[in-house]
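Once you scroll down, you'll see the structures, which are given as structure tokens.
What follows is chain A paired twice: with chain B in the first complex and chain C in the second.
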Partner chain A sequence: MALVTTTEKLPVATRSGADQPRRGFRWRRALWVGGFLLPAVALIVVLLVVPFLVTAYRSLFDDNGVSSRFIGLANYVALFTDPDFGRSLLNTVFWVIGTLVLPVLLGLLIAVLTNSVRWGSVARTVVVIPYALSGSATALLWTFLLQSDGAINQTLASIGLGGLQQEWLLHWPLNTVVMILATTWQATGASMILFLVGLQTIPPETLEAAKLDGATGFRLFWSIIVPQLRPMTIVVVGMSIVNSLKTFDIVWLLTRGGPGTASETLALTMYRETFTLSRYGYGAAVSVVLTIVVLAASWLYLRRQATQR
Partner chain B sequence: MQTSDTGHSVTRRTVLASALAGAVGLAAAGCARGTQTRPAPGDVVSLFNDNPTWAPGYAAAGKALHQLVGYRLSARASPDTSSYQQIVRMSAQTDSTTDLIKWWNGYRLQDIARSGILQDVSSAWNLAARNGWSNDKELRDSFSYQGKQYGVPLYKSYWAVFYNKPLFAKLKLDVPTDWDEFRRVVAALKAKRITPIASGGATTFESLTWFQQLVNGLDHQFYLDLTAGKASYTDPVCRQAMKLWIELFAAGAFSAPDFNTATVPAQFAQGKMAMHLYGSWNTGAYLSNGVKDANLGLFLLPPPPGGNNSVVVESGVLSVSKKAHKLGAARKVADAWLDPSVQRAWTDFLKDTSADPGVVPKVGAITELAATVRQQKPTQAIRYWEASPPVLIEGNVQDLSAFMINPTAANASRTLSSMQRRADKEWKVWRS
Partner chain C sequence: MASRIVRNVLVVLVSVVWLVPTWLVVVNAFTPSAQYTGSPRWWFASADIATNIRTAFSTAGVGQGMLNTLIYAALGAAIAVLISALAGFAVTVMPVKRPAIWFWGIYIGTVLPLQTFLSPLFTGYAKTGLYDTQYGMLLIYVAMTIPFAFFVNRNFLMTVPRELAEAAQLDGANWLRMFVRVHLPLARSALLATFVFQFTWIWNDLLFGITLSLSPNVRPVMATLADLSGSYGTAGPPVILAGALVASIPTVLLFFVFQRFFVNSLRLTS
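== the complex of A and B ==
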């Protein structure tokens, strides 16, 4: 405020004098903008940046939760030479691809197909209901279905298809695939809702114009609807990438990352090393790698999309 | 309009004031001293454990303790084992610790004892030996670090076979007394399309069950050497144990490897399951889930050919935190814990065996088991879970889980090699 008062008193005849009020205005504007940004930035710094730096610092120690000693980058060396870490990374990539292809694509298709049909709302409700369930309830349900003596195998046996019975959760990569399917069952509703919102923002005139030009069916979908849904697709795909990189709850509850470490994702490896094995330094190293992967993937994706727009 | 304006202004001020008050309140609460940072009130000694269902048992034991030393117990619990361990490790170094802490014996106890967060309670063991309550050298060793004891036994469970008495009677089967008889029992049950043995472990610690049983059953001394890092997982005894395990898999002895242990009592009650090798602490779960006392039996699994009478023993630990608010009171409780009056109150609730062989709860299966132990006097081996450094065990248990999915000779060999590789690495870390 003192700065503003001073500039108001300055003469405006010279060129440099003319710049003064403008600079003052800029300062005032910067202060206002800074003031509005401060709470959000402070929250991010306190709740995200500081914990990340503390975790990164902790990853340089051999720490059992009671005592610790500095070991430099040894945790990272151990991590990258650990075959279990490679499997965990591979599973995480499976999750990213699986949840990009299935829930996003299915969500888009269901949204488009049910948007303007008569009983569409019923179909949409059916798809959305699983999304309302908590992760643990979903896992409980799928455990009941997928266990070796679970509902799916019992049903197959009772209808004479015993030959198709599988130990669904016990063999890799089948266990990862069925868990991705279980997640698809739950997550499709969320992407469908977002795509529905996107569909409603498409101007009817655009669609009418396309129809007048003779575009129907797949042509209308591919050439008009999909490009118009682009902003929403960026959001849905971005969220899907980040969520799949963080996959934890359903794997933890269905297989605990096992058998062995066969179905572990990076988030599970981090949990096991930190809380089961009490290797806090090693667990911190995994979480640093996971954070870098998530940030890099999000940044690359959003940067690319923003440039294209 | 004016009213409306005033209303907005007041509302905004009220909101801002409330937000400020809330923030100050939260900050104050954050800085405040919680109940855990103060000593428990009056004659109460606080105890932290990982099993909320044991609260009535602690209350009953506390009543008996009150008559002896003037203190009763107030238990709080965190049911998730990982979180529980995490909380103990963190809080034991601060003034938020409870006076008493439940833990595990063997290397898990050594792991935290060497960090200096526990109080030496050797005097409690000396007192128990003097009074004839418990003088069990093997058990005492599993509570020791550098010759001192850092906890007293909360219970002493035996890993034995729970069996379904009505089912055995219906099929005219007797409790097996040697390995061949055991295999005949398995075959007879299998022939009647009854799952002979419940055996989960695909994704749980239970995969250690048959490995520890067969290795220790074949050669007790080898098991001790193996778990002490003096023998190799690729030695012939381990190979023989895996071979026997594979034979049992091939004979259809086991349930699916992702079997949920919590459902065993119900399957027993329905006559679908015949046996379950498990810790005797699970007796209460059977009795409270529809299995009648008279229908439940427990026997020690006979050793495999060439083996010896040996039993796997598991014991929970009651430790005193070095930073306990009521250190003196907590030590008195530890001293009195093995007093028969306390053990009777506690084991009547737990329905399991005590470290004091003279205290046996009035449960048919446990009485039967205690009598067998008295008669056979088997050597005792600490459970595999506590028998080596925790990181080594956790990794090896995961290897065994993976083996259970594909129990073949080639996979057994791979599994043992992997376990030995981990042992080489983790023993080096442990000893460093």
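== the complex of A and C ==
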């Protein structure tokens, strides 16, 4: 109670009027809520939202870093008539679907499976290690595996399957598919851990009751575990949508978006326009479009969940 | 019985598939630079990884970088988890008007593409004197890691029965006491998980490291590792792998240590 009395000092005249105590109460409640919410909201607005708005403003200019001229929405018009932009958008959609299917589903399956075998913790560690590895090591590793005289092609040749050898990173859409697999290797550990946290919230009694009713194996998984995991599934799927739409690192490190611009995602297009071609206004326009796409996708997925309790 | 065998086989299969690339990283970190041919090895070329590690540490400031990053990752993740738990508590338990607005106000932090605000952020940091300071790095890492931690903690707190909060209120607990006594202990595994995730995120960040820092006593480890492979780095891939392996030890250890908190005693079958 000590803390309530310290925050009560603000509305001094609370006890005079008839409706005053009520207002004092409301004030105090607003203070409490503000105190809990303010640090998070303030940091995000100042450090993330404001810089983004600066970029959004810049998208209205023809800006090459030296001189800039107001051109309204011309950058956006140019964007939507650019065939490279269409390809980039298509790749981004591939990434969203691919990472929704693979790391999310595999993470769920591995989380449940490793819970039911004795040495599951060893397997979990093996799956999590790639997530903990740094980006520079990962990039080198996949170059090792995928380059034309790399480990995968060597192995295929040595077991007599030389006919299956590919230039993995040089052809679209194979390069995008291969990079999605590489991401799956790295990201599955993260979704697995989130599902493990979710599994803990399932009351043991629920499982016992289901088992008494004869639910086992797949049935237990599908009709008891999956519905109970819903709050964590929302987190994993929500993050997967956002992160896949923003895919940058692995593509930049493995193909630089190439050959040409074939494997570019929206984030790479934006980066190339801004930092390689110094078309700051145009790059800013791409980033605004990307943000709108990510926001719209998240909203479509989360709008019901965000208000539900 | 049959399903037991199937499960075991599946888990073995998954482990092997995941282990093969990891194996390549480790083996090739042992290759002496002179013997490196450009194509990867499947077996150790020597037993000596120390030379590669020493090269990595002396060519680039990997040691100092790790120390800097340890501060950012430990402190930054802890602050972010605390702030996000407060906000998550506010939107799930406290009587906030329009919780959806606050949810999106914080969640939007995950939506914005990183590359978008790098250049305005750099300008802002340069103007306010935060550029190339440890405070500046810590600040952006905290801000970057709040939204995801908030999302996880909020969704976990939604599974806490409302009756608990009402009971605590009847006992005369104020919000802070309720938060500390009731909800924080219940959300322990979610808080730990978000801490581990955000620690790892900060630890592995490269983009902000190379954009917002310059001096050796500020620059995080991934930025120093990038110097190894950068234009003026003469070290070969084995040295980079050795450096990256050493730099990954803390995060791997963290996952290993915290693993038992994620899975306590829950047995789904038999």
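We take it that the second predicted complex is superposed on the first by the 281 of 309 C-alpha atoms of A that agree within 3 Å, B and C clash if a C-alpha of one lies under 4 Å from a C-alpha of the other, contacts with A are read in each partner's own complex, and residues count from 1 in each chain.
Operating definition for what follows: a contact is a pair of C-beta atoms (placed from the backbone, for glycine too) under 8 Å apart; a residue touches a chain by one contact, two chains touch by 3 or more.
Just so you know, these numbers come straight off a predicted model, no measurement behind them.
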First, second, both or neither for A:Asn115, with chain B first and chain C second: second
Which superposed partner A:Leu277 touches (first chain B, second chain C, both, neither): first
Which superposed partner A:Leu31 touches (first chain B, second chain C, both, neither): neither
First, second, both or neither for A:Leu169, with chain B first and chain C second: first
Touching partner for A:Asp149 - first (chain B), second (chain C), both, neither: both
Chain A residues touched by each partner, larger count belonging to chain B or chain C: C
First, second, both or neither for A:Gly217, with chain B first and chain C second: second
Chain B versus chain C as contact partner of A:Arg256, first or second or both or neither: first
Set of chain A residues, in rising order, touched by both chain B and chain C: 149, 271
Interfacial residue positions of chain A with respect to chain B in the complex: 64-67, 147-149, 167, 169-171, 255-262, 271-272, 275-279
Complex contact set, residues of chain B against chain A: 82-83, 85-86, 89-90, 92-93, 111-112, 115, 117, 202-204, 255-260, 390-391, 394, 398-399, 401-402, 404-405
Of all residues in chain C, those that touch chain A in their complex: 3-4, 7-8, 10-11, 14-15, 18-19, 21-22, 24-25, 28, 38-40, 42, 83-84, 86-87, 89-92, 94-96, 99-100, 102-117, 119-121, 124, 139-140, 142-144, 146-148, 150-152, 155-156, 158-159, 172, 174-177, 179, 189-190, 193, 196-197, 200, 203-204, 206, 222, 225-226, 228-229, 237, 240-241, 244-245, 247-248, 251-252, 254-256, 259-260, 262-264, 266-270
Residues of chain A defined as touching chain C within the complex: 1, 3-4, 29, 32-33, 35-37, 39-41, 43-52, 54-55, 106, 110, 112-117, 119-137, 140-142, 144-145, 149-151, 154, 185, 188-190, 193-194, 196-197, 199-202, 204, 207, 216-217, 220, 225, 231-232, 234-235, 238-239, 242, 246, 248-249, 266-267, 270-271, 274, 280, 284, 287, 290-291, 294-295, 298-299, 302, 306-307, 309
